[in-house]
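Each structure below is given as structure tokens.
Consider the two complexes below, in which chain A is the common component and chain B and chain C are the respective partners.
After this line comes the complex of A and B, so read on.
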């Protein structure tokens, strides 16, 4: 199924949770914040939140800035 | 040096530093350490899974530094509020450097959107440090909605031009009930000293450190500039005047 991940279309396995997606992308959930369909998902809810076709996902982290 | 107090929290250093544009994380850390800073700014961006990077946070000791996330990249109040909430969800303390810069050429802050975002974020319990143009009336409005500081720019971000709007910054300092942090454009320790001599409570520096040949040493240099400026302000600077006034006695020997 297709979702939009960080602004770009991406094909992912159907029925996976946000936590599983992060694991597949090799992203440490402690180092990122996930916005799922414009809602910030607390870390403890990543495993229970399952993605649907057409979802929008933003995965944000800290970078250098002034 | 006397302590800086923002929102009830004390800091020994009056120099805040940014973490952008450094050639390496090692250079960034050297600069932070040299500067003696206790507040460091960071930005939020999408992760790039095609080019995985070392996590920035692994290099910043949370015991030693207060992380001050900025809302850089936000073009309006809504985007800035969204970024602030993301920063808080990341586990940061609810401090935010509020930045709304719709114009990518000069990166000047949008006063109307900044005020709107500040009002919302203060109500949500954030400690808001807004980046503004040196507009004394805007500074007053922001204090009225409850911001913890005001952060007028000296000159546009990254220009290294120093304090180009002295008169307006002086008015902001004169009228402020919260700390005034001169942010942006400070390119040399003398610029930082100038802002501090004027009575600014703190300064924020990034580009001047990041682009220097030796960011660690430049951090030390800025630390000295800030301390010199603060101490001179507290000691009381002499007034400027047009006519010369001899430092040595004019009477007592020659030409009598």
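After this line comes the complex of A and C, so read on.
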């Protein structure tokens, strides 16, 4: 199924959760903010949130320093 | 016609000069400002102009001070922002500079939170002084902010922010500034605040280490209510330190994004949100 990932169309496996997607992309959930269909999803809800066709996903990676 | 002089309403003759108004209201003023910009005595006034008359070296009373501190502001800005409350999470290199910029701008209420104390290694980029070493940063910063602008209300919270106390600390913040050091802490703060207050903007910083070009530090909208200032990638790491110039660039991107949000303007592009 197709979703929009960081502004671009992307084919992903049907029925996978946000956590599974991050794992496949080798993204560390401790260092990314995940916005799913305009809502920021806290990390403890990543595993229970399953993606649907047409979803919009933004994954923002953070680096240290401040 | 009606004008404002040092924030008070006054009626003056049509096309009176600034000098004439000065002679009538504050003859010893030697700095004349009209609509946020220095003017000569011959400058002719228009209806609704905002005039500030300053006597250099004079310490004004508290009421007048508020008007004089903001004499160089773009007219109309001060009235909006002095009623605003901003939360700043972390007052290190980013947060201390952001707080000072916002205090100088005349923000009504700043809530600052940090668990740390001032250390010598902070002074290469953070807005503290040698005589503040050992003090909790939030108290040292509160003292400095009061010296800059006594009209800014500062709530200083000396604590470690967690998902459990975030709402209590920043429940009144219209905009939250993320100014932590560690990536994991940045993510924790954003997730927690955005989940609890999805309609309130967050201005975050990521990627300002080293001494790469200042022009790679940008303000971007990265999610619905999340604005990110930085280059997005240059982490503080062995071999890449944090230094005042580039951290300051990112901090002032963040402060300007806050100001634009309060004024209803888009932090990234010209125009309204």
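Rule of thumb we're sticking to: the second predicted complex is superposed on the first by the 62 of 66 C-alpha atoms of A that agree within 3 Å, B and C clash if a C-alpha of one lies under 4 Å from a C-alpha of the other, contacts with A are read in each partner's own complex, and residues count from 1 in each chain.
To be clear about the criterion, a contact is a pair of C-beta atoms (placed from the backbone, for glycine too) under 8 Å apart; a residue touches a chain by one contact, two chains touch by 3 or more.
Everything quoted here is computed from the prediction, not taken from an experiment.
Touching A:13, do we find chain B (first), chain C (second), both, or neither?
So A:13 meets neither chain B nor chain C here.
If we overlay the two complexes on their shared chain A, which of chain B and chain C does A:27 touch? Say first, second, both or neither.
A:27: touches chain B, not chain C.
Would you sort A:60 into first (chain B), second (chain C), both or neither based on which partner it touches?
After superposing on A, A:60 lies in contact with both chain B and chain C.
Classify the contacts of A:52 with the two partner chains as first (chain B alone), second (chain C alone), both, or neither.
Neither partner.
Determine, under the contact definition given at the top, whether A:39 touches first (chain B), second (chain C), both, or neither.
second
Which chain A residues lie in the overlap of the chain B contact set and the chain C contact set?
31-33, 35, 40, 42, 58, 60-66
Spell out the residues on chain A that touch chain B in their complex, using ranges where they run on.
Spelled out, the residues of chain A in touch with chain B are 6-7, 25-28, 31-33, 35, 40, 42, 58-66.
Would you pull the chain C residues touching chain A in the complex into a rising list?
On the chain C side, the touching residues are 90, 92-95, 179-184, 186-187, 190-192, 194-195, 198, 204-209, 222-224, 226, 228, 232-237, 242, 247.
Please name which positions on chain A make contact with chain C in the complex.
Chain A residues touching chain C: 30-33, 35, 38-43, 58, 60-66.
State the interface residues of chain B toward chain A in the complex, per the touch definition above.
The contact residues of chain B facing chain A are 18-22, 28, 41-47, 49, 52-53, 55-57, 67, 69-70, 72, 85-87, 89-90, 157-158, 184, 204, 206-207.
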